[in-house]
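Each of the two complexes below includes chain A, the first together with chain B, the second together with chain C.
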Partner chain A sequence: MAARRAARTGLNGLFAVYKPPGVASIRVRDTVETLLLKELNSLEQPAVQQQVRFLPTTVEGNAGKELTLTVTQLPVLAAHPLVRGPEFTHLKIGAGHRLDTKSSGVFVLGVGHGNKLLTDMYNAHLTRAYTVRGLFGKATDDFSDTGRLIEKTTFDHVTRDKLERILAVIQGTNHKALLMYSNIDLKTQEAYELAVEGLIRPMEKTPPLITAIRCLQFAPPEFQLEIQCLHETQQYLRKIVHEIGLELKSTCVCTQVRRIRDGFFTLDNALLRTHWNLQNIRNSIQDSKSKVKVGLQRSLSCQARSGKRHTDMDQVAESKLHSTEGMSASDLTHKMR
Partner chain B sequence: MAFWARQISIWCSSVKTSNVANSIQQLRRTRRMWMQLHELSVLSLLCTDNQFFQRGLKTYQSVSLGSRLQSTNSSNGQIVSSENNLLSPVNHYQQQAEVMPSSDTETLYEVWEDTPPSSALEEISEEEAVQIVAEPPLPLGSFTLRDYVDRSETLSKLVLLGVDLSKVEKRPHAGQLLLRLDFEKDVRKRLLFLKDVGVEDHQLGPFLTQNPYILAVDMEALETRVAYLKSKKFGKEAVAQMVSRAPFLLSFSVERLDNRLGFFQKELGLSVQKTRDLVVRLPRLLTGSLEPIKENWQMCQVELGFRRNEIQQIVTKIPKILTANKRKLTETFDYLHNVMGIPHHILTNFPQVFNSKLLRVKERHMFLTFLGRAQYDPAQPSYISLDKLVSMPDEVFCTEVAKASVKDFEKFLKTL
Partner chain C sequence: MAPAPLLLSGSRAWPRLLGTQRGLLVQGLQGARRGSLGSQVGQRGLQVLGPPGGLLLLLQQGLSRGFAKVAKTRSSREVREAEDSAPVFQYVGERSKRKERVFVWGFCHAGALGIPSFVKPDAGWKKRRRIQPTPYRLDTAEKISSAACGYGFTLISSKTTDITKVWGMGLNKDSQLGFQRSRKDRTKGYEYVLEPSPIPLPLDTPQETRVLQVSCGRAHSLILTDKEGVFSMGNNSYGQCGRKVTEGEIYSESHLIHRLQKFDGRVVQVVCGQDHSLFRTERGEVYSCGWGADGQTGVGHYNITSVPTKLGGDIAGVNIVQVATYGDSCLAVSDEGDLFGWGNSEYMQLASITEMTQVNVPRHLPFKIGKIKDAACGGTGNAVVNGEGNVFVWGYGILGKGPNLMETATPEMIPPTLFGLSDFSPDTRVSRIRCGLSQFAALNNRGELFVWGKNIRGCLGIGRMEDQYFPWRVTIPGEVVDVACGVDHMVTLVKSFI
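Then we have the complex of A and B:
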């Protein structure tokens, strides 16, 4: 009993798994829950509770047979595991920012008390990083390579240079939108301080914004981009790839969308399917505890400082922040000057 | 009131006289006492093992109020206590207790009893004192068997045998059935019969968990069905295996079993011996519905494009294909044939690939393509057979087939 309770108490916090492509994220969450429950229920069972009972028996007495009560200790069958059922039937596991079925990558899950931290992470409005692979020459109806084909074009005229020019335009427009949605007057001291710390981004719900985009590989017809964005959906990223194709006077479909970072959980923290067991998840929760605490706290303090943003003081306990966000923010401050 | 006072004195003789007097005092005041009375009156009737006939008891037993048992509103959850094993008419007393308060006890006494009950201060013998059992009353209806398992001989013995009551009580009407059974009369005969057929001791628990209804089947019917199977030339071990792996088999009538066996022989076009082997390997085929099997068969021929003899070969090796999920089967076949480029005859030789998960096949194939070792044609060098692709665990696959380390495989998986 002690081992089981101890095992259950260790399961409170956030951890990241690597979602494989082709599986719905809800199924991933359910699979993790089933595996954890199976392990918890298979830990050692305590001995069945005993009960003292007085049973009437016949014993040889002075005057022939007589009835007396004998004391026996019998197991209480109502507490037997075969009668009672398994001890753990449900675990509270919540999912962070979802990934759709075709995409893959880092998927944050919260277990037990960690579900509250999931809300905090959502309110901290952290950015996420994706690698997106595209293919020139085709256009489909859902912007991915498994959709219905609409158009085929040539792409010999496309060079890396042209692609980078388009990406710069995209980044510029998105950056302007970012500043606009952040509701900050750039001429104030407060804005400068926030920018120095690398935190200028909108703190409420906005349309998808791309904070940084660059080309990793270019080997026509294939290419790979890295995109850092806020409030996005994977279908939006596929649409961006399609629009890049259109801007280049060709067409393009998206073959792979993979999330490499969600807030402060990166690929290294994400657990593969083969490692989804109790021990690994507990270790992962333990490792990410300090990061989460520091980051969310930073985000809360910044949100509290700027009066224009609406924050719920009760909610956010700790928040880890974007040491990696510094990349986009330094671009920002550079462009501001 | 005097009437009740006498009853109390008889049935809690262990209580001292002063306490009895106090309780009699309280009786006159509160209604709650009726419930206590009810409890006390019921106590003596709860012991199943001993014959507990006291003078007071006789009077009650002579009266039959006709409300023996509540109607069996046995839906999924409700389990109403049965009369035989557990309680004498409990509701009888409950109704009494509700009706009693206002009526005149003297008149009742005249109506119900022939012999006058003994005095409150009468001493009873040691033997009678020992026979008093003071346990709380059983609930009249419950959603779980937990409340009855300690007092019921049948249920306790089933638990010790290994039957998972928490699963059985979820089945419709199963809990009610088990409560009504008597271990000596019903259960023991059928357990011995199953042992004769060849079910092992440790298998009896899981067997009854899956099919508790077999304890209600007629013994002659069971024997006829086993005789029928033996007449179809299934050996003793074969019958034992079939019965233990498909617990519902013996709940089916002889006509139904005959129908099923005939279907497999005609539809699949297999010889008699092969049908027998097929059914022994997967006895579930006989207990499930035939529609999905027909559809799977059609699908294999039309959609997947296998020839009749190829399907027969596959089914003899992997009978599970007949009951597999159609959508998953089509997706797996689509990936194997169109993406991996494996022709039909190789798939016929290695039907185990249809058993495994598509994701696994995909990941391993992509890893091999990445390494440049994805060669599934036996004629070419460095050929990798399909069973090695799917049946091995990850470490063995990485070291032997892919000739890479497990870490590389994991890194690759994170790039997918």
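Then we have the complex of A and C:
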């Protein structure tokens, strides 16, 4: 009993799992919950409570059968596991930014008191990084390679140079939209200083914005992009790939969308399917506790202090946050510097 | 025509494929798609590649059956076969050329943008447009190689050997666009030219000479050719056209286009200031003529110069590779990256070397900002680009470092992160800088245009009417090759992406 309760109390916080493609994220959340419950319920069974009962029995006496009371020890039915059922039937596990069925990658879950941190992470408006693979030559109705074919085109004129030109324009227009949606008065000196440091970011709900995009691999007909974005959906990223195809006067479908970073959590922190057990999850929660706490504190305090806008001091702190975010993603991609 | 029916009867898969895709195939042929960035995916050069036999003719047969099809789930093999046999479209060949385009924006009423429907709407639902706040495409007959914006008018030129090489639009009250014969009255000329109209140049060999560059000032313009010198037209009340000032000359509806050929060497660059003109020869010498009350002619006195005169001072003997002016102050760049300035210094343009507000002799500006690659002079502020691609500004007005920096005598650098430098693109540099009267425009090596300054009548092209205190990107569907800034409008020469 005590071991179980102890195990349960340690299970409060945020952790990341790797969601495989082809599975809905709600199913992933349910699976994690089921596995955790199974493990918690299978921990050492405490001994069933016993009670002493004086039960009437018949005993062979002198003059035939006689009623006497015999001492017996019986298990208390009210405390029997077969009567009560498993001790833990429900765990509060919340899902962070969801991934749709076809995509894969880092999926943040919160357990117990960590669900409150999920709301805080949502309000911190942190960026997420994806690797997106595209295929030239066809266009489909849902922008992915499993959709209904709309058109096939040639793509022998597409070179890496042309693709990077289009990506530069996408990055430029999104950067401009970033400044416009961040609700800052552009005529102030503060706006100039924030623009120089690149720290202007919207802190409220906006349409999807791409903060950075670049080409990692190019081997026609396939290519791979790294996209860092805000407030996006995976279907929006597929649409971006489709529109890149249109801009290049060809067509393109998206074959893979994979999230490599969600706020502070990267692929290194995400647990694979074989590691979804109690011990690993507890370790993961423990490891990420400190950076989650620090990060959320910073962004929440600066939000509280200045309403919707950032002040200079917190911008410096935010810039450190940005640099750590960028650093962890660059473990997976080649370093630019 | 013959093969088509055979194909229809031969394969059973075709009708179904075409039935589902017929609408889309037709759209691919007839419609022009627009990508999200606004560039048009046209249908020029569109070919349908696929199984031989005239697919286009199959479409014309009309394959609708008139009754609903029974829905059937297709096996993955059927889907794959249908996909493999679908026709492949080719929108652009392997070695396609990028198209050249011209985009304009700013104040419309004078006709300087060259789109007549802004001033005189040609459809009932169109309204007269006072300002075009974002880039608008201008259709030109030829590929435009040089453009210049004056005060309410624009000149664009092409390097063609055809008869028509230069077009002008906008204000023509001083014949700065030459004589534009009115169609209603053959003896009179237009005061406002609403669309790009050819300027008849009195060339000796019109089918061999090419126009290299055009430049526009307040009410005069200069056209540089490769073999026949410089042509000047427009107002000459200060001698800015390089000919003697005639008392009481009427400049409107004038047929006079003056040719300037008396230079020591071939002229390779012409620039117009507000009421003066500068000429740079291939030997690195600079000539000037026009109004000199601010010393902008740089010839040592403050009077009018009506004949192009060579400049001395600190640029005597120096090989000058670029001159720049737009208002009343001038800058010159030597081949070694040194900077020289003269003219108006009321706005601290030359305050680093002298207290005088008018400098009539070119003086060396000893700034320690590296080798200068490109310089631009505005009405009250100056900007240069050094060898590393950094932009330096000084003078008075909105200089580009926020509202706090309104005047400085020494150059201040604008941080390169504002011009697109980031972790993901660390080799972005500014390659060109241009100045209007109170705006700046910078081009980086990725073909992006950044503007800042006073947003007079929407001339910045950012979609807003407010002034812009730091460099802001202009969204143009193409890679910007060159930009010309005027008082209240701008013209850009752009190459399409693909």
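By our rule, the second predicted complex is superposed on the first by the 268 of 337 C-alpha atoms of A that agree within 3 Å, B and C clash if a C-alpha of one lies under 4 Å from a C-alpha of the other, contacts with A are read in each partner's own complex, and residues count from 1 in each chain.
Keep in mind that, in the parts below, contacts are C-beta pairs under 8 Å (C-beta built on N, C-alpha and C of every residue); 3 or more make two chains touch, one makes a residue touch a chain.
If you're wondering where the values come from, they're calculated on a predicted model, not measured in any experiment.
When the two complexes are superposed, the chain touching more residues of chain A, out of chain B and chain C, is C. Of the two partner chains, chain C is the only one that A:Ser250 touches; chain B does not reach it.
When both complexes are overlaid on chain A, the residue A:Thr173 reaches chain C alone and has no touch with chain B. Look at A:Ala6: by the touch rule set out above, it reaches neither chain B nor chain C. By the touch criterion stated above, A:Leu216 is placed in contact with neither chain B nor chain C.
Partner chain B is touched in their complex by these residues of chain A: 18, 20-23, 56, 66-69, 76-78, 80, 82-86, 104, 258, 267, 270, 272-274.
Considering their complex, residues 137-138, 149-154, 156-157, 162, 165-166, 168-173, 175-176, 186-189, 191-193, 195-198, 212-214, 243, 246-250, 326, 336-337 of chain A touch chain C. Across the complex, chain A is touched by residues 21, 24, 28, 33, 35-37, 39, 41, 49, 82-83, 86-96, 401-404, 415, 417-418, 420, 422-426, 446-448, 466-470, 472-473, 475, 479, 497-498 of chain C. Within the complex, the chain B residues that touch chain A are 49-50, 126-127, 130-131, 145-147, 149-150, 155-156, 159, 162-167, 358-359, 362-363, 394, 410, 413-416.
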